[in-house]
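Let me begin by presenting the structure, written as structure tokens, before commenting on it.
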Amino acid sequence: MMMNRKELFGWGLGALVVAALAVLPLWLQSDYVLSLLISVLMYSVLATAWALFSGPTRYVSLATVAFFGLGAYTTAVLSESLPWPAVLGVALVLGAVLALLVGLATLRLSGVYFVIFSFGLAELTKQLVTWWEVNITKEIGRYVFVEITQQHIYWQLLALLALVLGLRALINRTRLGLALRVIGEDETVAVHVGINTTRAKVLLFALSAVFMTVTGAVMAPRWTYIDPSIAFAPVISFQTLIMALLGGAGALFGPLLGAVPLVLLFEYLSAHFPNHFSILLGLVFMVIVYLVPRGLASLVQRRRSTR
Amino acid sequence: MNFLDVLLAGATLGGLYGLVAMGLTLQYGVARIMNLSYGEFLIAPAFLAYVLVTGLGWSPLAVLLLALPLGFAVQWGVYQLLLTPLVRRTGAGPQLEVDSILATFGLLFVVQGVMLVIFGGNYHSYDYLSVPVNILGSTVAANRLLVLVAALVLGVGLYLLMTRTRMGTVVRAVAVAPRFAPLVGIQVRQTAALAFGLGGALVACSGVLVSMFLPFSAAMGTLFAMKALIVVIMGGVGNLMGCLVAGLLLGFAETLVASFVDPGLTLAVNYALFLVVLLVRPTGLFGRAAR
Amino acid sequence: MLEVRNVSVRYGQHEALHGVSLDVAPGEIVVMLGANGAGKSSFLKALGGMVKAEPGARATLGGADLMQLPAHRIVEAGLALVPEGRGVFGDLTVRENLQLGAHPARARAGEAQMRERVFQLFPKLAQRLNQAVRTMSGGEQQMVAVGRALMSQPEILLLDEPSLGLSPLMCKELFAALARIRSLGVGVLLVEQNARQSLAIADRGYLIETGRLVGAGSARDLQNDPAVRRAYLGAAAVH
Amino acid sequence: QEAPKSVRIGWAIAKTGPNAGGTATTVTPNYQMWVKEINDAGGLMLKAHGKRVPIEVVEYDDRSSSEEAVRATERLITQDKVDFVLPPWGTANNLAVGPTYEKHKYPLLAATSVTDKAPDLAKRWKHAFFFLGTGTQYAEALVGYLEEARKAGKIGDRIAMVNIADGFGVELSNAARKAAARHGFTLVYDKSYPIGTQDMTPILNEVKGKGADVFVAFSYPPDTVMITDQARVIGFNPKVMFTGVGTQFPMYKAKFGAAAEGIMGPGGVDFDSPAIKDYFARHKAFSGQEPDRFASTVQYAALQVLQQSIERVGKIDREAVTQEIRSGSFDTILGPLKLENQLFNNLWWVGQWQSGEFYAVAPSNKKGAKPAVLPKPAWK
Amino acid sequence: MSALLELKGVTRRFGGLVAVNGLSLSVQAGEVVGLLGPNGSGKTTAMNLVSGALPCNGGEIVFDGRRISGLASHQIARLGVARTFQLVRVLGGMSCLENVEAGLAFRPQGLHGRAARERAQQLLERVGLGTQAVLPAGELTYIDQKRLELARALALAPRLLLLDEWLAGLNPTELQQGIALIRSLSADGLTLLLVEHVMDAVHALCTRCVVMNAGTKIADGPTREVLSDPQVIRAYLGEDENDAQAEAAHA
């Protein structure tokens, strides 16, 4: 495939930014800023991975935390017995397998039915893990004591982000990207132009899920203690979705435009207005919805197109 | 444990699930607003009941009389003030789904935040009609029975209203094709606001009823909203009978599992049942085409 | 009497209709001819309240100015529209669609009678009362759309390509029915590509091109006008 | 060396989310009251500087999320540079922030976390202190008490037990299971139920049919209330009824009043102690609500430990303060308090509602313990 | 010579309604066959069965010697069967070019990138949309959307093209253009099965017609013969114009 100069420039710039971000913690002294960056990165990866599938196909998924939690649990169970890369590898495989199963099961669902199905699925996963821990292992919480520092987590998340963004950019250029957009517009048309919608959807769903799972695995060491309510907290799914939608799930950098400011906003509000956090957050949300109709990405695009 | 016990417990619990979901199915089914703040509007009337009952000595049934119109008015206002701009802007197209999710998500936080400021994060509970009622040798709490009765009456009544009357048909017409409804003289915005308000009245009603026997806190709204979503989708969007049937099914499943298998699996079985229903019927028990 | 003056419609930058004026009297069939994209549908939609006309437009019917009315009041004032693409309530049944057609207060009184008329016109509908309209064939849905509009007992009936998708037999029956509807004193404004058949039953006609009225006349004159024959009646008609 | 303008104390607790309920009952009022009392007295006495220095608070909302709790703690320590950090509510969150405290060598005074891992964790984390005991301690105390009752011929040897499928419930039921076996009791029912269960009737009906004299529920506040309520409705009245967190809450008292008579739960207070009476009065006056009768007193006592340690060291020297907490003896509302291996063991394990108050009944040999009412009287 | 498309006793039910009832027909390569019938007689359903949008309840469909009933739509499309829809379905949020590129990309030896763009432009020009290439498809008029749909179908380089009332709603001038376009497609060797109610078009295009009524085939043969079959006239075409008017006058 040929790349024109502009695209080459884009890739080059992207690589540069990633490199700059990668050396940041070496120079950065504050643990706190680092941990804030970790949060930013975590949601950036999750939202971008979410949009990888849901952006073009418009299937809104609330299953994010099912995969994220699966990853976290993989770490919790295996981190003492396997080397770290192997743990991530296992998480990746598990995520892919679960996603393939789910993807194949949900093919007939669309619209809000898919949304709530995916939510139910995450809750079911949580319930089953809970039951298993309570009745089989007889320990509900698990401790993760591994030698992974914050910096490692940061680098790993950054790598994931670079990967998922690069992958999304690549897919957009390929036939698969076109197929997904056609599916998003009209699935009947999609099959009649010869698109194997099942394969495209399941493939992308699995790809997106793999990123979520690995993110969960990478994040687990930050908490030491993991139980199903922590690892499978539905709020993670909702925040991911809100960030992607607010930023604009259709654009490559849309999810980032949602995730970065929102994580910072959460942080700012909970730090400065701990007792009125909810109210202010809600108001900010509503203001954004009313003033920025098509996601933050549209603002940037509009600016660009009027220039 | 005898079978009638299981049946009664399942029915009261299922009635609760169904009742809690009815308002949402109207709101989403007709006004096409995925109201994520739904649960907060269940908890707020519960607090109202708490204050009036423990503070002023009202009877919760009297609170109900106040909460119904109030719930209607509040949600009607929410639709008119907050949601119509979105409906206008998006022309009720697919973007409305996204915008309404975001806006009601914001509203959720605002309402919850206000309740937290006023009532704190504590659990609240009071005692009302917590007396045994004997039915063919099985006992059930009067307040829970009341919920079942309310669910049956409201569910069946509204279902008949929606399917057997002209007004019901009008409401459903707005639900299926808001763009074309004016062609037959239907005022879309008013009808949608009406349905939204009606949903508000229903959720207020369930909030007051729930406060009679479930301890609640300001943070608990989302739990109810999520449960309601499951029931709405399982029953088929916009279908009140679906709500009732799905609620009862979940209630029975939960009680059966708790009695005969393992109470630890109740919620797992509930979700599994929900997923299986969707896999077999992708638009819910009573649903028509997905949109 | 429907008197329309100076209707313009704009989609963003693009003005699709420029100051169109025309009249439809009770008991007459008026046909509107024009190439695709000429703005016929936009005109009907503006009258029916589905798109907003530019300021300055007027459309009086029985003393009311339709342009000042909110969309849902227009049908109450006596104007019914069968829009392009039918606009039926797909998830509702045939019965419910017809019932909704009679939703305006003006239509309540004679509802049962009107229903019988519609069934005479489209017997298929009587057989399929409980079928969801979404699951019907294209032509069947067209019948529902026309039937629903009739149910509101309009003074003026606007039809946007009602014969689209109807079989030749149904098409003939539809035009015959329109002739009968006219005899009830209803004014019919018809947008049709099937110029031959529509001019055959019409009283008058208008020609529209790129958003402007460019001609008008009695149906007979139009039928015989060579330019019209060439553009709208086609070579096939000249044998 | 110049005296600091203030002692900065930070906390990141759940003001929203699922943990907000527990936090609002047990944690927030105590933190706030403690600060207010100290500041009203002019501040903490720092001997090294020879003056009282007021407390300045930095507070965050962790939104009931471990990730937020960890980050907020990091922010308090590294950005706000607070002198001490007070932990969030609940076992899971205390464990989640543990490593951060340890890394920065800040003392962690965990007063709302119950875990059998506490002794191990205390070895791993030199700066962590566990005030609320281990699951085994509660279970042993309860079963030990039951054994006495059995010996006295008051109850049989059948126990029915349920627990919530969450940290607290699982820890305690695991411990109770072992304790029951050790003391020769039979568990005729032993099941867990998930968080969010909205009806306890099936479980209670089932348990009722098992003919157990003892019913133990390691439950959370909403289910504790539901279990009590529904047991009353179906007329299930075991000789011993023990319910979990929430039994000790003021809300429970308000709702059940006299009907609670004879119900047991973890915790309890010695109402004959003037210090406790005084604490209750102050708490009520300060926050408008009574404290809970389980972790609240311990929470407050832990704060007293911190206060006294700082004042004894006389300056902001965390290492010294930590050392003092580890080895000192303190005078608290619970009486003299001394930690052993970073653990506080001298707790009330079992309490019981008796004529409108939740008295401590076990350990029965501890000063201030009330004799338990057995069997539980009929429902009112 | 064997048929390119063959339906053998194909049946499709919706609940109690048998929409297509034991339908058998064949289309030879290069033919233009009209599928006619009253409204609701099952034509669109038959098209849906061929294109795989609906599964058959009975019978089998053979395309180019290969059984395609039971295959998924996308497989059938890739074998060389393209279609348009009675109610147009364009990808409203995408440009005309992208709509056609969607057709080009997923056929065997699909095109992507620059080659696809060029080919798409050619196809748009062929259906008369050359100047609207960059417009979002949702903004086209109904008729232009139909054209776009045809271009998208052609992009698949099909051997059999199914057109469902593609000529409906055209005025005579446009109709003539449309007929000419379809003729040229046929001349290029494309086989066509078209559902049409516009008799002028049927006369002009179809060498052979199949007429359905209530799900069954009632006539099959050369166009002129079929259209003068009394059964077809009674069910589908109606009596002569004057008779119809006379009837209306009576009523």
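Each chain gets a letter, A, B, C, D and E, in the order it is written, and its residues are counted from 1.
FYI, contacts are C-beta pairs under 8 Å (C-beta built on N, C-alpha and C of every residue); 3 or more make two chains touch, one makes a residue touch a chain.
Labels paired with UniProt names: A, B = Branched-chain amino acid ABC transporter permease; C = ABC transporter ATP-binding protein; E = ATP-binding cassette domain-containing protein.
On a predicted model such as this, the values are computed, not experimentally measured, just so you know.
Visitor: Considering only chains that satisfy the touch condition with subunit A, which of them also satisfy it with subunit B?
Guide: D
Visitor: Using C-alpha centres only, name the chain that sits farthest from subunit B.
Guide: Farthest from subunit B by mean C-alpha position: E.
Visitor: How many angstrom between the C-alpha centroids of subunit D and subunit A?
Guide: Roughly 37 Å separates the two chain centres.
Visitor: List the centre-to-centre spacing of subunit B and subunit E in whole Å, with centres computed as mean CA coordinates.
Guide: 47
Visitor: Using the average of all C-alpha atoms in each chain as its centre, how far is it in Å between subunit D and subunit E?
Guide: 75
Visitor: Could you list which residues of subunit D touch at least two other chains?
Guide: Each of 15-18, 165, 192, 194 in subunit D touches at least two other chains.
Visitor: Which two-chain combinations touch?
Guide: Inter-chain contacts occur between A-B, A-D, A-E, B-C, B-D, C-E.
Visitor: Going by the contact rule at the top, pick out the subunit A residues touching subunit E in the complex.
Guide: Its residues touching subunit E are 1-2, 174-175, 178-179, 181-182, 185-186, 188-197.
Visitor: For subunit E, which residues count as touching subunit A in their complex?
Guide: Touching subunit A from subunit E are residues 51-53, 72-74, 77-78, 82-83, 85, 89-94, 98, 101-103, 105-107, 110, 112-114, 152, 155-156.
Visitor: Over in the complex, which subunit C residues touch subunit B? Could you list them?
Guide: Going by the criterion above, the answer is residues 48-50, 70-76, 80-81, 83, 87-92, 96, 99-101, 103-105, 132, 134, 148-149, 152.
Visitor: In the complex of these two chains, what residues of subunit B are touching subunit A?
Guide: Per the stated touch rule, the residues are 28, 34, 82, 85-86, 89, 94-95, 97-99, 101-103, 105-114, 116-117, 222, 226, 229-230, 232-233, 237, 262, 264-265, 267-268, 271-272, 274-275, 278-279, 282-284, 287, 290-291.
Visitor: Residues of subunit B touching subunit D in their complex?
Guide: For this pair, the touching residues of subunit B are 1, 5-6, 9, 12-13, 16, 54, 112-113, 116, 120-127, 130-132, 139-141, 144, 213-219, 223, 254-255, 258-259, 262-264, 266-268.
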